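Have a look at the structure below before the remarks.
As written, the chains take the letters A, B, C and D, and residue 1 is the first residue of each chain.
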Amino acid sequence: MSLNTFGHLFRVTTWGESHGPALGATVDGCPPGIPLDETMLQHWLDRRRPGQTKHTTQRQEPDRVRVLSGVFEGVTTGTPIQLMIENTDQRSKDYGEIAQTFRPGHADITYHLKYGRRDYRGGGRSSARETAARVAAGGVAREAIKALVPGCEIKGYMVQMGEVLIDREAFDWDAIDANPFWIPQGPDTVAKWDAYLSAIRKAQNSVGAAVEVVARGVPAGLGAPVYGKLDTDLAAAMMSINAVKGVEIGEGMAAAALKGTENADEIFMGNDGQPVFSSNHAGGILGGISTGQDVVVRFAVKPTSSILTPRQSIRLDGTATEVITKGRHDPCVGIRAVPVGEAMMACVILDHILLDRGQTGGTRGKIG
Amino acid sequence: MSLNTFGHLFRVTTWGESHGPALGATVDGCPPGIPLDETMLQHWLDRRRPGQTKHTTQRQEPDRVRVLSGVFEGVTTGTPIQLMIENTDQRSKDYGEIAQTFRPGHADITYHLKYGRRDYRGGGRSSARETAARVAAGGVAREAIKALVPGCEIKGYMVQMGEVLIDREAFDWDAIDANPFWIPQGPDTVAKWDAYLSAIRKAQNSVGAAVEVVARGVPAGLGAPVYGKLDTDLAAAMMSINAVKGVEIGEGMAAAALKGTENADEIFMGNDGQPVFSSNHAGGILGGISTGQDVVVRFAVKPTSSILTPRQSIRLDGTATEVITKGRHDPCVGIRAVPVGEAMMACVILDHILLDRGQTGGTRGKIG
Amino acid sequence: MSLNTFGHLFRVTTWGESHGPALGATVDGCPPGIPLDETMLQHWLDRRRPGQTKHTTQRQEPDRVRVLSGVFEGVTTGTPIQLMIENTDQRSKDYGEIAQTFRPGHADITYHLKYGRRDYRGGGRSSARETAARVAAGGVAREAIKALVPGCEIKGYMVQMGEVLIDREAFDWDAIDANPFWIPQGPDTVAKWDAYLSAIRKAQNSVGAAVEVVARGVPAGLGAPVYGKLDTDLAAAMMSINAVKGVEIGEGMAAAALKGTENADEIFMGNDGQPVFSSNHAGGILGGISTGQDVVVRFAVKPTSSILTPRQSIRLDGTATEVITKGRHDPCVGIRAVPVGEAMMACVILDHILLDRGQTGGTRGKIG
Amino acid sequence: MSLNTFGHLFRVTTWGESHGPALGATVDGCPPGIPLDETMLQHWLDRRRPGQTKHTTQRQEPDRVRVLSGVFEGVTTGTPIQLMIENTDQRSKDYGEIAQTFRPGHADITYHLKYGRRDYRGGGRSSARETAARVAAGGVAREAIKALVPGCEIKGYMVQMGEVLIDREAFDWDAIDANPFWIPQGPDTVAKWDAYLSAIRKAQNSVGAAVEVVARGVPAGLGAPVYGKLDTDLAAAMMSINAVKGVEIGEGMAAAALKGTENADEIFMGNDGQPVFSSNHAGGILGGISTGQDVVVRFAVKPTSSILTPRQSIRLDGTATEVITKGRHDPCVGIRAVPVGEAMMACVILDHILLDRGQTGGTRGKIG
């Protein structure tokens, strides 16, 4: 990862600001011959799109993605794919106060300190709108994975919102797409989450969240030790998402409390020449290389910093001020981080499929 | 990060296996004119060196580092610095069984699956011995930081070992270097940690840990959004360390449970034209760019997989076996992860000092 | 350089095909605070624009560049700058034959062999239209150079077209912009070049060319030995331009015929603490680092492969065919390579200004 | 290429100075399972080794290469391969004068200006001794190519020395290894070259040269347009060699004088489903991608700047001086550039074999 590009061989460069004319992703290194059109990408953008429920920002953006290059006669050509999303709902308003004020918890002050200026309209480059471009790029990655590794499936879901955790005993994979929180839980739990978040909003507050992303059907052998490990790249990918403060693989931070007898996944021989494991504390990765088990990543998203409760801050001229962020803001940005986390997982997995092919030819050592 | 290299402008490539003739780091991009000699680097390697207490492996390696290039007349020249550590204690022994067996929790099986072969002697490339090269490179980074940003200080310490946590109320920065666990606590607590780990060892078990690394005196403005963010690079750096399963910045995973009113660090004007903050939930980083506060990173290390308690596994031929790892192993690899975490922090901070200089000339926006 | 991106810190990714909806450049790493608008970039695009004289393709493209991101209130912000040029003159026509045929001297056959498909409309990605994006990016680089190194000037000109060479004795720097060949020569010579090329065209033929690009006012000390040398990056930059077959620095290939006494530039002390040289056989670069003299690069462009004279070739199905390229083609693509070579020089020089700042802080050793 | 590393997936970082304790190459990204030992590499180093004929420096260096990592049980493991060559013949001498003086045509002055210091012993990092590390790395690349693309052969030879050119009509591939100039010519020509160079030496002078490197049996489809083109990477690779001032592919600079009818290689159908070409003006590369024909690169090496004839220069303190370089110097460094050019070709070809595998899976479009 470097500047505004991530990936080794599948390289994604995102560009654009929240209130500029457009934003997008330049996707380089997609293999040729992958069926691709705008509809396929729009599907994933629609999942992330704001304004769909009462819990996400009411900014109305159609987030319509256009493919400007790299696709010909319905398939990728191996050349760069330019994905552009035009910004349409740029409410004209007076930016006078926000232009002069640093909002606590936001990147306003660090962009100013680093660059000597910032596009203050809607957070500029540091706005979560940048993640729309990631989701579009992730859509490309998903189609390539589908073609190269049939059966590989990527899914994200919330596992925590504030004090509320999901019940792992009642985990329901199929429920994820059926509720606005993308939680793997039934309608009763969804109702509770809804009530919880409504109360947060009414209290003019916001709340953090934790998201888990799982990749099933990942072949063993992906990962480039020791500094391009699969988990290293996943950690970077997730930490680069706005508001993320922690990343875990498998047991994650809880591994600190475990004993050796509890943690190591024992190995057995499967029927098809592949190993099977008694458990997956490792999150599908050993020594930076995939084992063939589910790859499991979790990340924490901090509570939205834009809240109606007043916070102390300073202005550009150094004078003190009190900030109340009105505008259109999600009380829990973790919700919309779900499709973003999925997109990053897809990009990293595809990148490592290609990298592994380049390094080893994709051959595998045999067991048995 | 890519293959065996990390860093944008300060680029470190480590090489070598646990039981090969030598291992080391090729350090490229160190600025010219930095005073450097082997003694300065040896200081940090001695911190990490095995065989110093009863809690670390009894393998006796002097870990003597040699500087083969890039330094002339006592200062760096701007050319690559080759750091070599010869392996001396390579006990000749029969590797017959380990060569045929995949140890649970180790990278044996994934290296075999990916590469079709592995250097099975002591874990080969996936051994924690690789981290000696990181510590040497980190020593170079520390000297460069000292010259470029006087007053910037980097320190790591354990904050958790199994069920035992440090007492933050009794935090003693000066105690860190005075005990074998590098904990910021007094002798009584050290004695308790010692007893706890001795019990783990006697039970033929091992235990996980959490390590915190703090960088003080980091200038505001470091970080290259949006994919070379300071926290992104730190997450990658720490996750690339052997056995690490989670990385946190500031509040870390706990941010998921917080409300907006609790999390945002309020901003005030300091005396010297720099902002001051009411708290540091952000861990010194906003929008991927340093704020000028302490940069705070935490990571979890899983318990040593090599334990005397038998574990189920398979052999290269697919037959079942039971693994008991005798050898010389740390019951808590988290201890020796402290100097490694410090080294990675030093490398990332220096890299971003250089990158920022390249991107912006190191100028800063003014407040007030 | 890698895939579709070039540059270390000033990173340019071009995208788009000849007959797709648009093409452009994603420019990352431009320093903040540089005044920039579309008019400044359009100036350079207009130099390269087709359809201006009888000697360049009659395709009528306005080549209007739009800045979609990275500029706010008239200056760069330090975030990615997206430059988009929409394709407007995509004549609808029957591509049936060209879709099935490999044109000799073109990339048709190699794209097909590599990717299994190609966008055959107008050469797709391998069309010289891609260089419009380079010229736009070069315009950004020029503005940044102007701000960072005032007095640095970059200029390209033809030095050879077929058998015709410029007269170095009559070199006229100011004449370059006053003629359609960008030759540093007076009107009489221009008339001769015009007649020569008209004859080539009438003979249904095309002709090669050599272009020289000079950068004046380049500070000493740019270049990252030993694999990011200034001449190495210039060689790559120029060789990446369509149809270029050779690159020279200073004496270039002629150095092979020289003796040591003839070649070495002797050194004297200048008035301002800077060295002066008796000559510039080195082309302003020693050991990969700029000396402070003019940086001089030359490259050869092969004759346009698209000619009306029939050439033997094969079809996709392996059958033999004869190719006559009608369409709108320049008889000497070297003419329009001049602004492209300038753009590449500008990008490389800026990149090395930034890289040097990152590596050394831009400080310089003293003489005297 | 960046700093001291080149290559996309096959990444070579060289390190070390002329008179330091050792120099070498850190070779990352070599595929696993390639048979490799020190003898194989020594073979190529011996070709480049100084002190073998009267025309090369009499410095006696055994240039013994050691493999410190990445090879186990006689084959590569996929981990970094560290190649170290110890410097043994570091004559102790008084460097007083050379330490204070900038030799014309050398990098002394630019290193000083950039870095504020330099290792002046034998040219330090800018010495041609650095190329020994390239040759060792090239040896690794050759073995990997042999395993992955049997039949691919790389050979370099001189084509010009000063005013003397080879006779292409009498080209003898088998004669190359049988004479000290590596020219594809019989003994009579060799004798003439010998007499010519002896006269140059007696005149206390030196002379330039041109070297051609050919790769036969390169599969079609290698090259990553548009900025990782095969010719782009070859141009960079060759231009990075000490003293190189020009690089050509196929017709090279001569393409400027050609007409379209003369230059385009016509295409016919071969017997095995592969195209055949009537000629190879393109040097085996179209649009940056290999055609399957011989890849032909040429580069010019300037005359050795170290000559006994006095040259004007300045000292560190700015005073004028006259430089006579005594020491042990080749009158034509072009001779020893032959194995270096071969090594760079091998590294680039292997890199693109791996890159192509990663990008496209190595599949190929069909003809017929």
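Odds and ends about this structure:
Methods note: contacts are C-beta pairs under 8 Å (C-beta built on N, C-alpha and C of every residue); 3 or more make two chains touch, one makes a residue touch a chain.
If you want to know which protein each chain is, UniProt gives these names: A, B, C, D = Chorismate synthase.
These numbers were taken from a predicted model, which means no experiment stands behind them.
Taking A-D and B-D together, the chain pair joined by more C-beta contacts is B-D. Using the mean of the Cα atoms as each chain's centre, the chain most removed from chain D is A. In whole angstrom, the spacing between the mean C-alpha positions of chain B and chain D is 39. Between the CA-based centres of chain C and chain D the separation comes to 26 Å, rounded to the whole angstrom.
For the pair chain A and chain D, the distance between C-alpha centroids works out to 45 Å. Residues of chain C found to touch two or more other chains are 2-5, 9, 14, 29, 32, 78-79, 114-117, 125, 225, 360.
Residues 2-5, 9, 11, 13-17, 20-24, 26, 28-29, 32-33, 66, 68-70, 72-73, 75, 77-82, 84, 114-119, 124-125 of chain C touch chain A in their complex. By the touch criterion stated above, chain A contacts chain D in their complex at residues 9, 29, 31-32, 78-79, 148, 225, 354-355, 357-362. In the complex of the two chains, the chain B residues touching chain A come out as 1-6, 8, 14, 102, 104-107, 109-117, 125-126, 130, 160-163, 200, 205-210, 220-221, 223-229, 231-236, 238-240, 242, 245-269, 273, 275, 278, 281-283, 285-292, 298, 300-307, 309, 311-314, 316-320, 334, 356, 360, 363-368.
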